[in-house]
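Chain lettering (A, B, C, D, E and F) follows the sequence in which the chains are written, and residue indices restart at 1 in each chain.
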Amino acid sequence: MSELVTFGETMLRLSPPDHERLEAADEFEVRAAGAESNVAIAAERLGTPSTWLSKVPETPLGRRVVSELRGYGIETDVVWSHRGRQGTYYLEHAGKPRGTNVVYDRENAAVTTAEAREFDIDVVQDAKVFFTSGITPALSSTLRETTANMLKAARQGGTTTAFDFNYRRKLWTPDEARETLTRLFPGIDVLVIAARDARTVLGFEGDPRQLAHKLGSQYDFTTVVVTRGSEGAVGWHDSVVHDQPAYETDTVDAIGTGDAFTGAFIARRLDGDDVPTALEYAAAAAALKRTIPGDVALVTEEEVEAVVEENGTDISR
Amino acid sequence: MSELVTFGETMLRLSPPDHERLEAADEFEVRAAGAESNVAIAAERLGTPSTWLSKVPETPLGRRVVSELRGYGIETDVVWSHRGRQGTYYLEHAGKPRGTNVVYDRENAAVTTAEAREFDIDVVQDAKVFFTSGITPALSSTLRETTANMLKAARQGGTTTAFDFNYRRKLWTPDEARETLTRLFPGIDVLVIAARDARTVLGFEGDPRQLAHKLGSQYDFTTVVVTRGSEGAVGWHDSVVHDQPAYETDTVDAIGTGDAFTGAFIARRLDGDDVPTALEYAAAAAALKRTIPGDVALVTEEEVEAVVEENGTDISR
Amino acid sequence: MSELVTFGETMLRLSPPDHERLEAADEFEVRAAGAESNVAIAAERLGTPSTWLSKVPETPLGRRVVSELRGYGIETDVVWSHRGRQGTYYLEHAGKPRGTNVVYDRENAAVTTAEAREFDIDVVQDAKVFFTSGITPALSSTLRETTANMLKAARQGGTTTAFDFNYRRKLWTPDEARETLTRLFPGIDVLVIAARDARTVLGFEGDPRQLAHKLGSQYDFTTVVVTRGSEGAVGWHDSVVHDQPAYETDTVDAIGTGDAFTGAFIARRLDGDDVPTALEYAAAAAALKRTIPGDVALVTEEEVEAVVEENGTDISR
Amino acid sequence: MSELVTFGETMLRLSPPDHERLEAADEFEVRAAGAESNVAIAAERLGTPSTWLSKVPETPLGRRVVSELRGYGIETDVVWSHRGRQGTYYLEHAGKPRGTNVVYDRENAAVTTAEAREFDIDVVQDAKVFFTSGITPALSSTLRETTANMLKAARQGGTTTAFDFNYRRKLWTPDEARETLTRLFPGIDVLVIAARDARTVLGFEGDPRQLAHKLGSQYDFTTVVVTRGSEGAVGWHDSVVHDQPAYETDTVDAIGTGDAFTGAFIARRLDGDDVPTALEYAAAAAALKRTIPGDVALVTEEEVEAVVEENGTDISR
Amino acid sequence: MSELVTFGETMLRLSPPDHERLEAADEFEVRAAGAESNVAIAAERLGTPSTWLSKVPETPLGRRVVSELRGYGIETDVVWSHRGRQGTYYLEHAGKPRGTNVVYDRENAAVTTAEAREFDIDVVQDAKVFFTSGITPALSSTLRETTANMLKAARQGGTTTAFDFNYRRKLWTPDEARETLTRLFPGIDVLVIAARDARTVLGFEGDPRQLAHKLGSQYDFTTVVVTRGSEGAVGWHDSVVHDQPAYETDTVDAIGTGDAFTGAFIARRLDGDDVPTALEYAAAAAALKRTIPGDVALVTEEEVEAVVEENGTDISR
Amino acid sequence: MSELVTFGETMLRLSPPDHERLEAADEFEVRAAGAESNVAIAAERLGTPSTWLSKVPETPLGRRVVSELRGYGIETDVVWSHRGRQGTYYLEHAGKPRGTNVVYDRENAAVTTAEAREFDIDVVQDAKVFFTSGITPALSSTLRETTANMLKAARQGGTTTAFDFNYRRKLWTPDEARETLTRLFPGIDVLVIAARDARTVLGFEGDPRQLAHKLGSQYDFTTVVVTRGSEGAVGWHDSVVHDQPAYETDTVDAIGTGDAFTGAFIARRLDGDDVPTALEYAAAAAALKRTIPGDVALVTEEEVEAVVEENGTDISR
């Protein structure tokens, strides 16, 4: 039985190799990519049995996505659908001054019609943590309702609820996001949020420590983690704020960094670590993720530990 | 000014290399692919200045499609749209006993909202031939109307209208197709149709010669070409039926064979060839197409002529 | 709970793309490949929940193998080992007059030390069928004993035992194989054997029908299937011999054909089909396998049914 | 009708992927590459309709080059030649302390026989700007004459002439270059020149500001741009010198940086921008170019504007 | 000391993968390819120590060619040149009805300036066989003289001279070839010639047996081999004609078939085989060559023997 | 006759492209890689004729390794073995905080059974320098003895002996290494050792200068080079210590840096350079190596000289 259950969309990620532009691409690398499955995998890699729930088209593309995720070791309990597309996104890697660009092509995905009653809710209620992110309710009105119902069911089953705010400006406006997501806040125990989102979507002000404190105080979260990219994160818990710097990293692929952080944080909390220790492992997993192509934190516990214990070498042979 | 103008959707074609299954694919080859642009290119390659009309999303993917088509030498007069997707299809090559499989992901493409008034209709009315296919009206009710309006405008401008029946069972039922397409028949001068479609969609019976004769007699076409895959084609014109066998070919990619045939047929007719001669060049272009990866007949006039004149060698050096 | 449980080694298969010779290769395609996992996957694809048992090194290479297999949908219950290598084989595809060549590099693999007591034997005894092949006892003296013990345990648990003779001349001599494998025959219910092996290893004579009859009569098998490559197979059951021709196929990769056949045969027998019907589906799965790169029969039930019902088309769109 | 017309050679650029040495390469990436077509494309991408003139062999290689260029959106008005080669260059990317290396194989290219009378000179005289570079007269004595004749014709047609000095030490000596190019100076309105070339070929001394001033004073240019690599550029116009720093960039491919700069500068000047503003956009286009593989600045106006307005993000989603 | 010494040009062969057209190619596979080095390698693979002589530019491209050839095991004694290009050819694979196409880009190669006095002629005179082909004198007037001088020196040293007629219509006319090559005939001991060349260049008539007989009678050859593609070869020796059918083969790359034949024939003759036996091995090596990508017969003696002894299997494991 | 002879194992190096993890790899790049062949190649590239001795399985894999090495220009005098594997290693490139990881799979390689009497010892005794490294005796007890015998034979033949300490923790413990390698020290003239190995394996203390001094004083070496990664090296000779800083480099592949250093040092010493000059060229070769993928320093003398003379440019054209 899985300790962590996550729910959300996983897309096919199509990206040209070697920094080629989409406009000139002759081939795409194909990978499965979604915030909630990323979180499940990161937690599984750190020892937490995890399940990802979703609704997927019964097509070669849908099976392609589930096959890759299953290969990473998590359980995949999906509703196979005869309606709706497999969502995709096109990814164009780039450095300064351009920046990596994402072109979503995920409208009318099968998952947008997923209702809570389609899933075996026991899987959620028997887990220790249920996780989803702000992307899920951004995808359809049905999913707004489903997200609320899943969080409610988790709470009823005594399952801790964790949530990554994950604002995506290509999916909805800050106003839409704030209205929808703050309505979900009462059902959430652990909130992860980027400092930028706390400011531009929720309208809070201050440095990350202040943001964490304000969020923790204003709402009824047990834990708030405010992330700030290459500058690390702060964790608020029991009215205390903990600082966690980011580890230095040679970035190959920055996508999925936050999900690696969150999955590792949940895994270590489930394993009994206190918040500062869990943040340390989360930052280490996030740093390692950036050295790996794709959305997924294909790391080992030993590697994460080595980063925390600063046992790095240039070449291990 | 282009002699041939075609109108229709061109998709991104995504296919795994080396016969890999979609379900196991780690990379996709990317190409532009659409019946009407294929026809324009085949005609251009045989010397007929050609333009392709369409509506395309103003995204890297839309630009990717137009760029590739323009590279093949045709003019591309497209409406750039801020709404609607770039249609795609996933292609899985396979031999016996599986057969090549196409997974369409083209719903809500930008082109589905294209209206006749969005195009400079002079381009159509100044051309000698206007071409579209049965795929276009299958894509949306708007396009059903647009197709009718474009054919009407062409006729009014004195432009010959050519049409490939192109029934696609993954887009609509035989009943829907028959009802819609036969309504367009009065506005069509040159009809190309697969023998199989004439039978299973239109309900005709008989061998290809009989099908061509019946179609030519029952409707007001000036020319009817009935294709029958690896067994060649027959052409009906001035109440006479001409047989054209297929050339032997080592097939690398069968997609686009019919479009190469049709584009070459139109080009040679525009160049003054009689129907039997045009059919000969059409069959040669179709055979050459099958030796080339992708949807497009990237051939030269010299190569087509060499096939007709049977001047082949194994290695030319 | 899995209905089919298989046990054996799965290797990393390293092969140069595009018919390049090993001696000139600059890159290898990497895949997981093993007769017993191939059989489990073929059965799973046809609807039979299946588990593969093995012993695998706890290295990135061992995890690579398990990850790919798990992605195909089967359960993988492996003993992770800190000793022993990940077995590999190098594959060089070639046509006439060379023939495909396999270079084994599988000595001292972790699996060669696997003992029956390392596995949860309930998994075997709760299954309906247990399968392994003649490759397994060829790998080490420990595995000879383990194979015997696993078959014995299966029999004790009321689990049907199935066995593919699978003689590999690069692993042992005909004499060694005959001596070892005939000793296992009393514990086997369903035997699959190539006509060539029945002749050159076991010393039987006659056509495949006669071979099947002799094997079925001389030993205590309930079912004997004699395969004969591109000429199909015969099945002996209840003293009756059934002929099954091979389906025509455009071969992309012949490796794994026999495993697809056996997995499908087992799956359909478990589903209640009689022997002639199961042979028909087995031959269809085998024909489809040959159109797919890699060892694995990545097919769907619908595709297998379409072959049996001869509903093939050239292009499905 | 194109506002900008450029004239010069475009080569096939052959480069091993992933920093492989030419000496060990098993594959080459293939791209079209030439200073004058690069400039035309950069200008076209920023909204200036542009045409590239050249002479190209009527071979698959010549068509390969023209097809790629046409795909980038420019018009290609080429003389198809039955004599002369398609020029190529081999490119070996490398970082410190080696540096990227170019091996030219462009002797006897078709373009080396191009004469002014082979082109429709109206295309030049109807344009607003005519551009070529110091590479063109370096290629043959015929081209020295042709370059002079084209510049003369442009001037006669009232077309502004722009010229990039582009000294290439692998094509000719500084003495040869100085003698030939300074003779062209009286026919040039806008000169772009690297500070290094101004010093080592023309023998000027001083910092880039001084170089620009001296060049502008000594000859009859209306505008002089002196580029200085990663340190930006200075522009001299109406006796005033403007400084333009370079934007920070993560370089993927430095080839074509100067051409992106020049094309963007011309486009913005044609659009009415003053010299300092045009320099700013030119520097932004140059910085973006360096993030893109290949010679060509495959950028959008929006991207260039975003750099100028410093709206960069790490990931846009 | 090498028993066989060959002299000629080896080019860089650039070919798009997967049947892509040159006109649409984004990448080229790179290989070393030349008739005379192919012959040396085929002989070396069958046990004859061989050296290839040539003149090569001292550039990364020249070193690339020599490095690959040296890797195949032959000795390479080349004159490194600071003038002249590395010759290339572009290869477009295709099946019926197009046929494989070769685009030469080999003019002004370094080798075209090679003079006999640049080589250590002892290497030729100490060998048992000296080989070159009709391609070499086709490349320049210098090479016409050099070829004659090398053949003369070999004869003077007591070295047997072997020559493949190898007419290439893209290099010279039949008249030029006939005039030049027949003048070399008196210095040649062993002639290999395609039946087609004997007819269309030399003007002989008759079936291959008659062609061999006429050539052997009219000139002073000791041995004449007339090849006839997929129909095998005939060998004339001591006034007797021997027929050698071709072996059946699944062709991956037909280029180099004749060179594999000739190299193997020479190797077996040097090893003491009579003409019919040497022809048998030559045909086997030629058949194997066709299963291998590239110009080179990367075979083993064991493989050639297995073909002669008809010991093929589908899969060897 | 070679001036430098090296002896040791060369492996097949298998690495996923583009920073993919081994656990997720679908393809491997294949290269030959071994410290002693790396040293021979680096020396050959700088003008020292070099031979590599080893024992290699007579399989396509063994031939693959020898073919690549021979292509780099060295002589390969190998014992072809019918027993023992071709050793391999799997390489996973990664930056901070992970570090590049090597997974050895080299047990029971053919070379582990190599005895001194299998080699033509004249090759060693006629050379000027014999080189092997601490990896060789780590591979088997036979090789421990063979290494000692080869060093002894070299000394007897008047051949200078050079040795790279090359401690590999994945092969043996520091204690085992110290015990075995210090026993070889009396037979060694030139020792190269990483500062880290001098400390953690040999137990010396101090900065690199002190380490070099202590090693030189305590044992009977003529020369000691202590390397310290990106901080350069120190050389001890005639009781004087010379400092050599590292050149700045854009690293593409760090593997083989030390071997490039050692090979270049030996080559320049053989060419008559004093120790400080040889160290300078060694550091330059090492810096260049890091810009090149693979284990091998595929550099030219001109490139090494340019680094020493600081003649670098960004782009050479």
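Couple of notes before you dig in:
Just so we're on the same page, a contact is a pair of C-beta atoms (placed from the backbone, for glycine too) under 8 Å apart; a residue touches a chain by one contact, two chains touch by 3 or more.
Quick caveat: nothing in here was measured; it's all calculated off a predicted structure.
The minimal number of chain-to-chain contact steps leading from subunit B to subunit E is 1.
If you take subunit C and subunit E together, the chains in touch with both are B, F.
More than half of the contact pairs at B-E come back, by residue number, in C-E, the repeat among E-F, A-B or C-E. Our note on geometry: subunit B versus subunit D, Cα centroid distance of 40 Å, whole angstroms. Between subunit A and subunit D, the centres computed from C-alpha atoms are 45 Å apart. Contacts with at least two other chains are made by residues 18, 21, 23-24, 26, 67, 101 of subunit F.
Across the whole structure, chains are in contact as follows: A-B, A-C, A-D, A-F, B-C, B-D, B-E, C-E, C-F, D-E, D-F, E-F.
On the subunit C side of its complex with subunit E, the touching residues are 18-21, 23-24, 89, 94-102, 104, 168-170, 229, 254-255. By the touch criterion given at the top, residues 17-18, 247-250, 252, 284, 287-288, 291-294, 298, 303, 307, 312-317 of subunit B touch subunit E in their complex. Within the complex, the subunit A residues that touch subunit B are 14, 21-31, 59-61, 63-64, 67, 85-86, 88, 90, 92, 101, 103, 105, 107-108. Taken in their complex, subunit E has these residues touching subunit F: 67-68, 70-73.
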